[in-house]
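Chains here go by letter, A, B, C, D, E and F, matching the order in which they are written, and residues are numbered from 1 within each.
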Amino acid sequence: MKAHLSRRYHFPASHRLHLEDASDSENDAIYGKCNNPHGHGHNYTIEVTLSGPVSGKTGMVCDLAALDDFTEKEVLSGLDHMNLNNLSAFAGQVPTTERLCVHVFELYQKFTLARLERVRIEETAKNSFEYTGS
Amino acid sequence: MKAHLSRRYHFPASHRLHLEDASDSENDAIYGKCNNPHGHGHNYTIEVTLSGPVSGKTGMVCDLAALDDFTEKEVLSGLDHMNLNNLSAFAGQVPTTERLCVHVFELYQKFTLARLERVRIEETAKNSFEYTGS
Amino acid sequence: MKAHLSRRYHFPASHRLHLEDASDSENDAIYGKCNNPHGHGHNYTIEVTLSGPVSGKTGMVCDLAALDDFTEKEVLSGLDHMNLNNLSAFAGQVPTTERLCVHVFELYQKFTLARLERVRIEETAKNSFEYTGS
Amino acid sequence: MKAHLSRRYHFPASHRLHLEDASDSENDAIYGKCNNPHGHGHNYTIEVTLSGPVSGKTGMVCDLAALDDFTEKEVLSGLDHMNLNNLSAFAGQVPTTERLCVHVFELYQKFTLARLERVRIEETAKNSFEYTGS
Amino acid sequence: MKAHLSRRYHFPASHRLHLEDASDSENDAIYGKCNNPHGHGHNYTIEVTLSGPVSGKTGMVCDLAALDDFTEKEVLSGLDHMNLNNLSAFAGQVPTTERLCVHVFELYQKFTLARLERVRIEETAKNSFEYTGS
Amino acid sequence: MKAHLSRRYHFPASHRLHLEDASDSENDAIYGKCNNPHGHGHNYTIEVTLSGPVSGKTGMVCDLAALDDFTEKEVLSGLDHMNLNNLSAFAGQVPTTERLCVHVFELYQKFTLARLERVRIEETAKNSFEYTGS
């Protein structure tokens, strides 16, 4: 018996979508209001989905306390209350939520207690992004 | 790197579920309260899911402003604040939310900036429907 | 010790906002899309708030099963899956959600197991209305 | 044309996660606060997803009233306002939400009006589990 | 300038509504399913509302970190993952959510950095209770 | 008959909580992570509550299209996708959400079609602030 578990984490951050080597009008055409100077921000929600066999002993797929510890140390510590444009993970790149989603997926690849299936990031109540590793 | 993006749109509309060539008791057996005369309505939510490569330049799967424009003109303009029973798309058919879901999927097939993966329509907080094109 | 309890109920219905004795352009100016012919609809949420002393014996303000029974028989039975324009409560009146709110408040005035404080009706995720009886 | 429908049901219940043949410290290491004596509880949400062809006549995948009746009699009657540790379905097993999810899936396998695709159980706003039958 | 701030906290717990000195049928009449033997549980949400002047220096009504610390130590530590029937605060009393609401209000009266206005407890998505101190 | 209407608007923005004339350690003590350099952001929700008589003719408290137009031009245009630290409204002040709430209230005081009762701003799913004008 294999089950999936999904767990949600929340953090606020800011970003500005801006291509250094594009003109103001090109930036405006591509990013619209998201190109406003000085940046804006969001309450981001991460939903990470893991899978694995349901343990015959414990009845669980994965120790959630271990997942919370991993997320705190390896994922949220680098993102919570940050300006995404200043993170080394996005050096030379525009920190869109698509790229944030890929970045968070890659961070969770170091978590080994269950199989990583998917990372979804909700940017607003209207927008979400998913990445499954390829 | 291929990512999925989902975007949500809201509109109110009304419908009545009623088969013209069935008896009152048959209509009641099939549709229950949804067969009440004069119709009822819902706040419908459309969640459209698209996929595509994350652009190396812009970091995006798809221009969301273009998706919003398309949705406004090609999808919402024909559904928002409408009585679904009066739409030509449902001529001779009972406008269930299953059929609304298929109809909205077909409208989005004309959107070419990313691959259409799925349309989900939430009819109430309890009910949702999905169609993936086949 | 006096506490408040609030309980939420959901029902879908349809309405059309249209003044019989006004011109088309005046109706459009007042009601916009809500004046579209054939009507539209919503998933309405009622939140009724009651107050009263916390019973020293039962620890409760009010028997919720009694409230549910009352609501089913006296409130929802006349509204659920209905077209509000056809209800006698709104004869000769445009069934706006403001008026629906007042109507539901008046229905709950017959409930005698606790003091009626407020009725709130959520029409969409953006809009809500409240009435406190005067 | 094949569509999916998902429908959500809610019930409160309690459980305690505790292995009879493990020491207190081992139980604490595995289950943390969920091992607290006397148990705790949750508002559980079941989301069941079914699929099938959209009927050319009725426009529906499945009769929702029949699904509601089945759910009431075969699923909720055994879970609603219960202590999961006392249910025969979990005899000799720790009633984790993973196991509850598998149990609910197996109950829905007796529903024959559409194809059972998935059962998801939301335990809290942060946690959910899914089972697809294998 | 006086503003209100509200902050929300979540915890799961269990309870059984049962009067020791009432008959089974009387308990059933008063509490219904909430009287089921062995108890059930909920994901409770506390929303505490405080008020005070907006500090001319900091721009804040109250230090939220101090509120979180107080809540963790004085409120949640005694409720989180507990069976409410076993708490000394409810000795000899049925632990209804009305009483839980009064109890939590009394705990917050020891918080002195802002004026306590109201405690609301959401028991389910349908039910909430409020207490303002009298 | 006087009713209240509440309408919700959403916008993302960024801010940094930082007192220029305080030391780093003092800023950290007061604002914690909200003092992180380069700022962070939120999806803010404004809920504005207005009251007035229910018009005997239209059945409405206030023209919602007029409220939407006012909000777009007078409120959101100055806040949407902005860095609040750069706004003239907060010159020399730390742009806390308490102050944002007072600022938005003052902007709505120019709206004359109904009585302004309250502005609530939700900063995250855990935090909200309210201001009623004094």
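In the analysis below, a residue touches a chain if its C-beta (ideal position, glycine included) is under 8 Å from a C-beta of that chain, and two chains touch if they have at least 3 such contacts.
All values reported here derive from a predicted model rather than from experimental measurement.
With B-C and A-B as the two chain pairs, more C-beta contacts join B-C.
Between chain B and chain D, two chains of identical sequence, the interface residue sets overlap only in part, with shared numbers making up under half of the total. Centre to centre, using the average C-alpha position, chain A and chain C are separated by 41 Å. Chain centres here are Cα averages; for chain E and chain F they lie 28 Å apart. Shared contact sites, meaning residues of chain E that touch two or more other chains, fall at 125. Judged by the touch criterion defined above, the protein chains form a pattern that is neither an open path, a ring nor a star, and not fully connected either. Listed by label, the pairs of touching chains are A-B, A-D, A-F, B-C, B-D, C-E, C-F, D-E, E-F. Residues of chain E that touch chain D in their complex: 10, 12-15, 33-34, 36-43, 80-83, 85-86, 124-125. By the touch criterion stated above, chain D contacts chain B in their complex at residues 1-9, 54, 57-61, 63-65.
By the touch rule above, chain E contacts chain C in their complex via residues 17, 19, 30-32, 93-96, 98-99, 101-102, 125-131, 134.
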